[in-house]
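A short worksheet on the structure shown next.
Just so it is clear, A, B, C and D label the chains in written order, and each chain counts residues from 1 on its own.
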Amino acid sequence: MKIKVGIIGATGYAGAELVRILVSHPQVQLVALTTQSYEGKLFYDVYPHLYKYVKQECRELDLPAIVSESDIIFVALPHGHAIPVAQEALRQGKKFIDLGADFRINRREVYEQWYKVEHTAPELLEQAVYGLPEIHRNKIRSASLVGNPGCYPTSVILGLAPLLAYGLVDTDTVVADCKSGVSGAGRGLSLGAHFAEVNENFRAYNVGMHRHTPEIEQELGNLAGESMVISFTPHLTPMNRGILSTVYAKLNQEMTSEQVRSIYEEYYHSEYFVRLLPPGMLPQTKAVAGSNHCDVVPVVDPRTGRVIVISAIDNLIKGAAGQAVQNMNLMYDLPETMGLDRPGLYP
Amino acid sequence: MKIKVGIIGATGYAGAELVRILVSHPQVQLVALTTQSYEGKLFYDVYPHLYKYVKQECRELDLPAIVSESDIIFVALPHGHAIPVAQEALRQGKKFIDLGADFRINRREVYEQWYKVEHTAPELLEQAVYGLPEIHRNKIRSASLVGNPGCYPTSVILGLAPLLAYGLVDTDTVVADCKSGVSGAGRGLSLGAHFAEVNENFRAYNVGMHRHTPEIEQELGNLAGESMVISFTPHLTPMNRGILSTVYAKLNQEMTSEQVRSIYEEYYHSEYFVRLLPPGMLPQTKAVAGSNHCDVVPVVDPRTGRVIVISAIDNLIKGAAGQAVQNMNLMYDLPETMGLDRPGLYP
Amino acid sequence: MKIKVGIIGATGYAGAELVRILVSHPQVQLVALTTQSYEGKLFYDVYPHLYKYVKQECRELDLPAIVSESDIIFVALPHGHAIPVAQEALRQGKKFIDLGADFRINRREVYEQWYKVEHTAPELLEQAVYGLPEIHRNKIRSASLVGNPGCYPTSVILGLAPLLAYGLVDTDTVVADCKSGVSGAGRGLSLGAHFAEVNENFRAYNVGMHRHTPEIEQELGNLAGESMVISFTPHLTPMNRGILSTVYAKLNQEMTSEQVRSIYEEYYHSEYFVRLLPPGMLPQTKAVAGSNHCDVVPVVDPRTGRVIVISAIDNLIKGAAGQAVQNMNLMYDLPETMGLDRPGLYP
Amino acid sequence: MKIKVGIIGATGYAGAELVRILVSHPQVQLVALTTQSYEGKLFYDVYPHLYKYVKQECRELDLPAIVSESDIIFVALPHGHAIPVAQEALRQGKKFIDLGADFRINRREVYEQWYKVEHTAPELLEQAVYGLPEIHRNKIRSASLVGNPGCYPTSVILGLAPLLAYGLVDTDTVVADCKSGVSGAGRGLSLGAHFAEVNENFRAYNVGMHRHTPEIEQELGNLAGESMVISFTPHLTPMNRGILSTVYAKLNQEMTSEQVRSIYEEYYHSEYFVRLLPPGMLPQTKAVAGSNHCDVVPVVDPRTGRVIVISAIDNLIKGAAGQAVQNMNLMYDLPETMGLDRPGLYP
């Protein structure tokens, strides 16, 4: 019997990407797609690529009913809105994955400081699992409540994990300079996402104060075994999909690129979705666009004693919907790659 | 037992798209990828999105050996180069699909006039089938030699077929104004495909003399039952994938958009890959990018007595590799949609 | 003494382009920039490229005061909104140029039919001049009230004018297939101008019903000396600036490309801003982007008996603000090219 | 009498941009445009935006003759090729500006180590001046031989200069993460600049080994008064024009953003082309595209003790041709802004 899936906030880009992936997932039946903006419209009117694939209409959010019809509920809404859904899901004994930020930060006060709102269900934070399978696979398997990582954090954490796990870098020297396509900002209208403003433009934003910072610091700190403070600067690049992160850190000792690479090889040896590229190749967003892969390459610069890690993901897939499906597969003991095992689209 | 596939010219965009589609095709085993430019290199070095999906290296073209190892051979080479391959394939009793132009034109003199070269195997033209399944499905099923349609012709012919089949338009008034993404020009280097020249630029090219013209006229003429001469103007638009065709013709009699639409509904009723969009929607390239669909909508303009048909395809899929796989499925009595039944990527 | 200029609606793209051009115009002093959206903000906060060039703030629209301070008033607002401004300008004896549609259509009923609103000052239509200098230069010199042409009409009319003036084509066969960059849709937010929706997308819109149609038909009809009905289809292309129009018409008699070209040469011989490109070149939007030029080339297709004219403009300059300044120069007996005599930016 | 200018390598992007700027420069007469690729062609055939602006044809490089006809010679060629031109120019007592790398590095051995070629005229390095006017204005005024800075170095050096000049940062902690449009790679064909490879792609390249590194380190070191080693990573972003640099450094002491800003205000107070943006604004490439400005903003992140400086330029103007003209103006005692005092093009 197929898993009955409800998606709350299905008409944003992350939600629609969930729908696209799940209509081809052999073990899933979509039972409810809710939206605030397009109630009563056919889903394909909102997303024409899915014409003939999705026959359902967009429903309003009748929370108890939606949860009751579903085995698992995905929420793709702005922060704050997932909390009541999680509560209802747990009440009814259903599984729950939040693509937003409400269940990513372990410590309530950190969440409240960065998001400037009260967390109204702090008691749930303890059972919430940070849904980065390559780091927390076993906890995810048995979790009912998963906080799916942000797009930037996915690329930065997977890029640095081996170095921190092995204590190879000075944790005080980490700089993460990240570049994202525009779909990361969602489908909501804003001057900052207006075509003529973005096209032929490159800019930084939220310098020193992006909300993905505490999530990155929490996970990197866990890996390093000490609390960490990093510089993280997000940038907007004129393309639809993809994040490329360039992460800098001082090595604690002299190492060659080959030595660092062999540590990555060992660390990611059995990971299907993390691809350590062979020597001579560097990650680029086009090589992962349309797939659930994270491509990664560490480079040692002997002149400066720094290691520079380049990582690339599709922000809507490994950075959002694909990773959420990967988590669902783990939660249901399905092959982790089910519905996600296709290469990207190039060019 | 799986179908053994050889791809000759695998490192162009159409060839690489064939590889991408076929690595996920449940009934196919890739046995040989040949190239002129990257001999001896690993295929993923040339196309990094396929790292971990394709382990083979690019081989040189040892024609008899490649044909002998394969059950079916796809050729994605410039015109002229498919002829010797076709001859060898037929000699060895193998199936053959040409993604180039050598077997699309029934009449040798038309081919030679537009392509400015001699056709060195005109005797094969008789058994070659024009591989547009929606028009020639039955012939394709039993064909050994298929000339896969050009990208522009696919969009124009599917756009006009119902009107011509029913004799509804004045065949002397057809204007096809077509706009293509840049991948249609292939991966070969040229100033016309240099990023800074194409980006933020829109231009027409080959006005009145593009080589897809005779192919369009042949198929439209067959549908109409009379020889046809049309205006066809290709344009380059700053994007990677997609063709949108805007086709104009004078109606022979007054008709409403609804009347014309109902004829399209009937004509394409059982076609999976042609999507007549519901009223209120118009085709756009993004809605088909990454899929094998052709979206189509006819609009009647009562002021001018013209019908304007808009059609959209992904030029590398329904306009090339996807259609070739659709043909292969027919030739092997497989479900026509096998390996091709996923929606596109949006945005 | 410099000309005092007021711009009403200065914070849309056409308005901002007027500001950019006029800050470098040697005979102009900007006295007032009004806006509905950014009242009280510094203009450079809204348009950062003009930081250090424009010190003024955005003012609210106090109509009598603004008109009184100005010698000439430009209006860049949605249709309907220019009428009261025109009335006040004329009352105070000031000159007036409308970049919108309120004074382009001579016949009130045509305006009302296409724009679905009442024209509240039809008596002004008689003295309004259609501001296409290459066609109406003398009338513009002495006009007080100019309706600046739409972007699409500028490209189509300049493309066809010689053919119609000389009666060379069948007026019933004209098809204008036009492609525009996204800035033509303005800075107002809409899903249709959202980056991720436009990028990697090409689409037609308003098929058979775009409001620039009657304006094109009026001017082409005047040139031809008979009323005309044409097919005009606008398309959106993923770039910021530029319109390329491909216009088709049946020739009344056999002519060669050279014969048609010589007629264009004669017709546009003394025009600075219309560039008939030499043989071997075709118009492309990048070659005119950032300039006030309209590049044009006619091609005869002897197979079909059609002439295909390609024309290209920068929609914000020759299609809006540049042409408005060209009109102002004429109205003040300044050299027509003043402030406009620089080549575009390439690449 | 006008300055007679010869441009050697006029058909690359930097050369063509020189031509575009200089045709509008009131004190310049273009006397010779040379090229290796388009000898004998009219310049506008190679760059259609300049049709009607430049009537000359592309000449072959007859060095003594070209130098003899010119008062000043600009060279826009790959490194190594400027040296013989410089020698001939000095022999004939002409002024000389190299847009390439041959005269930027003071120390021959550093040049040879990074560029992997012998410097064949090391004796000229002593009289060569690094042409960054905001740093070396006085030396440039009296120079005959100017090495025009690289595009990345211009953005990084102008971004950091005040901090280093005042000794405010730990020189061992500097990370420069830079993102460039594709025109920086020139007009030469390569797969890395093929439209479909670049569009919808973001990637790093030459990690830890880009040749602009020694030039940046030399100038930063001079400003700091001690030798410096930095991390510099260039990236390619899918757009034509613009560089945005994000530069990180640890502050030597606690400072606020306001304190750092006031130092920038003082340092750049009288600079026309460096715009310290007002609080609330951040540099973006679109705000400088088409202009000679460098926009800059420093931000202090109190959490990490780092200052993050964002700077933006148009790589072909302030990063190449515009800066070269700025240098020429200085060398001829003309107003520094002559021919360069127009705002950019937005959007």
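Just so it is clear, a residue touches a chain if its C-beta (ideal position, glycine included) is under 8 Å from a C-beta of that chain, and two chains touch if they have at least 3 such contacts.
Note that the coordinates shown come from a computational prediction; the quantities given were computed from them, not determined experimentally.
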| item | value |
| --- | --- |
| From chain D, the most remote chain by mean C-alpha position | B |
| Result of counting contacting C-beta pairs for B-D and C-D, higher pair | C-D |
| Chain A-chain D separation of Cα centroids, rounded to whole Å | 38 |
| Averaged-CA centre spacing for the pair chain D and chain B, given as whole angstrom | 46 |
| Whole-Å separation of chain centres (CA-atom averages), chain C against chain D | 36 |
| Residues of chain A engaged with two or more neighbouring chains | 13, 181, 183, 196-197, 199-200, 238-241, 284, 286, 289, 347 |
| Chain D - residues contacting chain B, complex | 13, 181-183, 187, 189-191, 193-200, 238-240 |
| Partner chain C, residues of chain D touching it in the complex | 13, 16, 20, 23-24, 45, 47-53, 183, 199-200, 240-241, 272, 275, 277-278, 280-281, 284, 286-291, 295, 341-347 |
| Contacting residues of chain C [partner chain B, same complex] | 173, 175, 177, 179, 181, 196-197, 199-205, 207-208, 229-231, 233, 235, 237-242, 244, 246, 248, 282-286, 289, 299-301, 303-304, 306, 308, 310, 312, 347 |
